[in-house]
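Contents: one structure, followed by commentary.
Letters A, B, C, D and E name the chains as they come in the text, with residue numbers starting at 1 for each one.
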Amino acid sequence: MLINCVAYQNGRKLADIPVEDISEYVCRPDCFVWVALAEPTPEEIDQMADEFSLHQLAVEDARKGHQRPKIEEYEDSLFAALHTVEADESDGSLAVGEVDIFVGTNYILSVRHRTQKGFAEVRARTEREPELLSHGAGFVFYALMDTVVDRYFPVLDGLETELETIEEQIFVKNTARSNIESLYALKQKLVVLKHAVDPLMDATGKLYGGRIPQVCAGMEAYFRDVYDHLHRINATIERIREMLTTAIQVNLGMISLAENEVTKKLAAWAAIIAVPTMVAGIYGMNFENMPELRWVYGYPLAVLTMLVGDIGLYLHFKRVKWL
Amino acid sequence: MLINCVAYQNGRKLADIPVEDISEYVCRPDCFVWVALAEPTPEEIDQMADEFSLHQLAVEDARKGHQRPKIEEYEDSLFAALHTVEADESDGSLAVGEVDIFVGTNYILSVRHRTQKGFAEVRARTEREPELLSHGAGFVFYALMDTVVDRYFPVLDGLETELETIEEQIFVKNTARSNIESLYALKQKLVVLKHAVDPLMDATGKLYGGRIPQVCAGMEAYFRDVYDHLHRINATIERIREMLTTAIQVNLGMISLAENEVTKKLAAWAAIIAVPTMVAGIYGMNFENMPELRWVYGYPLAVLTMLVGDIGLYLHFKRVKWL
Amino acid sequence: MLINCVAYQNGRKLADIPVEDISEYVCRPDCFVWVALAEPTPEEIDQMADEFSLHQLAVEDARKGHQRPKIEEYEDSLFAALHTVEADESDGSLAVGEVDIFVGTNYILSVRHRTQKGFAEVRARTEREPELLSHGAGFVFYALMDTVVDRYFPVLDGLETELETIEEQIFVKNTARSNIESLYALKQKLVVLKHAVDPLMDATGKLYGGRIPQVCAGMEAYFRDVYDHLHRINATIERIREMLTTAIQVNLGMISLAENEVTKKLAAWAAIIAVPTMVAGIYGMNFENMPELRWVYGYPLAVLTMLVGDIGLYLHFKRVKWL
Amino acid sequence: MLINCVAYQNGRKLADIPVEDISEYVCRPDCFVWVALAEPTPEEIDQMADEFSLHQLAVEDARKGHQRPKIEEYEDSLFAALHTVEADESDGSLAVGEVDIFVGTNYILSVRHRTQKGFAEVRARTEREPELLSHGAGFVFYALMDTVVDRYFPVLDGLETELETIEEQIFVKNTARSNIESLYALKQKLVVLKHAVDPLMDATGKLYGGRIPQVCAGMEAYFRDVYDHLHRINATIERIREMLTTAIQVNLGMISLAENEVTKKLAAWAAIIAVPTMVAGIYGMNFENMPELRWVYGYPLAVLTMLVGDIGLYLHFKRVKWL
Amino acid sequence: MLINCVAYQNGRKLADIPVEDISEYVCRPDCFVWVALAEPTPEEIDQMADEFSLHQLAVEDARKGHQRPKIEEYEDSLFAALHTVEADESDGSLAVGEVDIFVGTNYILSVRHRTQKGFAEVRARTEREPELLSHGAGFVFYALMDTVVDRYFPVLDGLETELETIEEQIFVKNTARSNIESLYALKQKLVVLKHAVDPLMDATGKLYGGRIPQVCAGMEAYFRDVYDHLHRINATIERIREMLTTAIQVNLGMISLAENEVTKKLAAWAAIIAVPTMVAGIYGMNFENMPELRWVYGYPLAVLTMLVGDIGLYLHFKRVKWL
């Protein structure tokens, strides 16, 4: 589905143009064309490939989707595959989408797959800053990457909040089962985010250090900024991951501690019930010659013995914290 | 066993040729010969070594099989050993085979060991694209590698499905034993796939970056594509591996939780049985002076006491979730 | 909030200057201006950006705060973001603040966020050493970094002391729960400190090896010293981390050992109570023909049997350390 | 102990020569001398050091033995220390020996320590291939390394077999103790093999890539082959190691599962015994007014109640797999 | 405290010289001065700094002590901080000391902190080898490093012996608690040694490869030897560490196995006691119509039933290894 197809000149919007005219505008040296597709049909992609003369391998990647995040150079153009990660507000589950971006000297084509949010705001914002937009396709490429990466932060904050929620629960009794499920669910989300960020960080590093692709020339500080954000996200992911690993181990310890406590309680109550049972058993023996049986206060004394024994045990178990 | 032995000229099939003529066609500058062997006898390999003048060490590797995946340069030719990984459809177990490929300026020889699927489709597809096939042996080499690597994807998808199946089971009660067995089996398969992919990724990296072997010249974008697939597979393997490790720990926690629950149940029922036993014991004592024994409603009262005690306990244990 | 705004010439304080004059002094080749802000308003930062002509991206970072530790080069100036880590004396919790430093050929601007301690002492000390201060902004930059890094040491010492306290407790009985909580809390603090130190170490390494930024030229030995301190902190963090991991595992072992001991005690006392109960049960049977029941010493003998059995059991369990 | 001392010319054996003549033959440009020592006395080593003019530090290493595997260059000669790993056929334990090799332009000296198998077969095989032997000392060096490395394979196969044996046992009940012992023993052996292979792999990598020592010139493909074998061994070691780690965790899970089962059995049988005991207790009470006691079928009915209760429990526990 | 202050010429001792003359001797091109301090006062260090014109940062490091192991270049001099590790013979605990070494073209100054053993033997040995000592300060530097590193070996051997002792105990019953304590203590020592060795290995690597500091020129083979020893120590540390990690896990498994055995024993004896209790309970019922009660052999038969039941159970539990 075509979202936008606009030509720009000197940082200002020239016109919405029909798709068939793209190849014409791309040839003008002072113009650049910015096209946005979402959930495209194969035919739309083929048409774009024709208009922009895209490299066949990159086009195939965009058609198939499900690429790992990467930035690849094809002669003087770039092909970038970015993962979007969106948290479902109702249940916090993460949805991974994909944005494929083709960047040339004077064109930029973005293709969204399986994403909720579009990039209309990016277009609006950059159109308000003509001096920046006049940098051309490279700047738009930066603006798109920056937006994708900035959208990781609320997701990451959500994961940090989840970890904190679990940390508050982890030493509370009788929460082990829900904690362990939450820890595993958090781990799953963390791995999803990590696998969006990790390869992108590697790729972005090549846009500001060493030999820089032509279309990004002069934008190094901007791409370093994106890299820096990715690095920060990555460091936080690692921190959560490390705490998660420890939390899982600690949770295991808490489960074992809980087992200890149940066993202690079981033992204590077993003793408290067993003592009167034993006493009762003794006075239930049928020996003819058991003088206590004939005492007037034999029975109350026996019951008293039971009570005293049990109260003693109870206090003892309370003191050693088995109860 | 000889599968095919064909000479090509300018990207088009010239003829099926007899093995003895190979050395003759290899000398023609505009021709290349593509030979496919499967489960070859030592004699067949020796004959090929003669016809193509293969390097002795590479020939020995191909004869012995059981190489680790690798790509080695011998002067102006390449020797590649690739692992095929095929999932048995009945029980999901993985079978590892091997494809050894010798590539020279104008020949390509593939030798299959212990594989189910051949490469007839690769030959058919490349023959339909003469403009690509005219790149010569390097393109065929790419096509073979690409096919081997693409065949890892369904295997990997199978492993991901297995992981998801286990993840659905892992917090279900009484599945710990089967989960632990499934996790171990999955780990075994993962390691098998990883050891096919890992060394190949290292080797493929050398075919598109840095000094590129002569026979792969001009094909960098294609080999980068293969590398990219391997990288994606590897990232997924790592993701599964990380989740597996966590899942094994979580499973251990679930086992301990299950133990806790059994102990709690044991404790609760023990108490419920012990209380009437104790009461019965007391009224089984033989004291002469036990007035309750003579009450008309002594017995029903005793039984009532037992019932009330047990119902109280039962409700208590239900409330604290021990039952 | 503006803390200080001072111009220096040849290593000596020239004058406190008003903010509006900064741009004037910065232009004098033999002068440099050292400004300190704390919890600045956006307006203050904008004013500084104007006076010093700071790079827009760096200014945005300083305005937003919450940067990861880093040192970035913008043409001939540097932007450094450092984390301060301060231990709360009452409960030992760690508070992370931030110091952003802009360094140019003849200016230095420090911006503190969320920190308790300022850098007045640094200014006082460097003003007492004019020969060093005459190195200019680069030396002040070193002095600030050195101070931030040196303030990590007491925090680190606190963590080491915590670890030692736990290590003294870890093999003591009935401390498992508090140990596990302490271990987790220590891990949390360690991760906080690590994430202040780790990225800074990478960044500092670039100030004394390889291509050195202009403003740090001639100060290599000093920055290597800072790096060395960071490296030492990092090595200690790693050491604590490794011991922590082991301690958590050992703690788990201690919990299981404690469980073993409870189970043994439970078993031993259960046996000691069960034996007289069994004997009593036997002599509570109602067979008409049980000669012992009619013996004069039947009852004492039965009780004696119980006692002897229990004393024997008790000594046995003492001997095998179940009690 | 001197094993052999032979001079070769143009790849053919010239003569067994006395030790004193070595220095003379070494000076002839077209000759090379190959000496083999086993468990040498210090005097023998000193004599060799004199005859071959060996570097003092290398000689000291050979005299002391117990070197880590390494290959060191001393001007135009090489000193290699290799570990041999031999499996004791009776109990599978591993014995580590050492082979120190001195290689110069026209000499090779091997010194065996604590090894069972010698290298007589290497000498015999190379003497049968004069065209290869004419490469001189470098080829002999390759042949010795190749032999040492090839002898790791059967050891490694043994470890793989051990792992498979354990894997077959690991989910079998009541094998946890023997499995854990086997896993630990396997780990010990694995570490031994790993520490023979790891450093050697690093060292061998320098014999075919980058600046190649003079004595190995022209033999790159051969040393790459050795490296390749080491790499394969290493990959297998890593694979076993990874499975071992998982197996140890799985084993821990199996132990906990076994505990669960014992607890369940205990609980089930406790219930089955406790129910009739409780019923018997009730009808053992001495209330005067217990009508059931006087029923003719009171006793059989009580026993029936017990039986029905127990059969019900038994079936229930069977159904929930506690029995 | 000044230990020695000696001037050497051409590898031979010239004279013990007073501290004030040091600066004079240092200027003579063919002389070098070797000074040894132990637990110096700040004044002694200041005096040395003056006499040798040491770099201020290095002097501060030596004054403060507690440096991490490192080797730093200051123009044409070196500053090395080494850790000594000494095992207390009575309880095996490790004491970490420090040796700071300043090396210049013609001086060497060693400063010992918190060490038991000095370096008198090094001085004595090197004085006996004038041809080596004539290499000057660089050789003395090597000799000191070599001695510090060689003294790690007995410490390491001690740790290996400790590991072996634990390994012999680890599968023995009832040793889990002492094993776990020993494992933790060993881990603590290992970490201490590791943190002495690790940074030194990095630093030493720079003394024989790449750009070599002037004072070490021509001594590459010697420093490579030191590096090699450090590498060997490090490999052994890693090996012990890996086995330790496994041993801790195995120990946890053994603890759980012990728990299983206690539970089994508990269950078995509980059954053996419960069966006669149940039988006795049945014959303790007060039904009027219980014919067995009136049988002459009722009582012996009941007791027989109990005995037969228990013997059967006992044999059963013996057979399944619960007892």
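Note that in this section a contact is a pair of C-beta atoms (placed from the backbone, for glycine too) under 8 Å apart; a residue touches a chain by one contact, two chains touch by 3 or more.
In this text the structure is predicted, and so the values were computed from the model without any measurement.
Chain centres here are Cα averages; for chain A and chain C they lie 25 Å apart. Between the Cα centres of chain C and chain D there is a gap of 41 Å. Annotation for chain E: residues 249, 252, 256, 259, 263, 266, 270, 274, 277, 281, 284-286, 290 touch two or more other chains.
Taken as a contact graph, with one node per protein chain and an edge wherever two chains touch, the assembly forms a single closed ring in which every chain touches exactly two others.
Starting at chain A and stepping first to chain B, the chains sit round the ring in this order: A, B, D, E, C. In the complex of the two chains, the chain B residues touching chain D come out as 55, 57, 67-68, 70, 72, 74, 174, 176-177, 180-181, 183-184, 187-188, 191, 195, 198-199, 248-249, 251-252, 255-256, 258-259, 262-263, 265-266, 269-270, 273-274, 276-277, 280-281, 283-286, 290, 292-299, 302-303, 306. Residues 167, 170-171, 221-222, 224-225, 228, 231-232, 235, 239, 242-243, 246-247, 249-250, 252-254, 256-257, 259-260, 263-264, 266-267, 270-271, 274-275, 277-278, 281-282, 284-290, 321 of chain C are the ones that touch chain E when the two sit in their complex.
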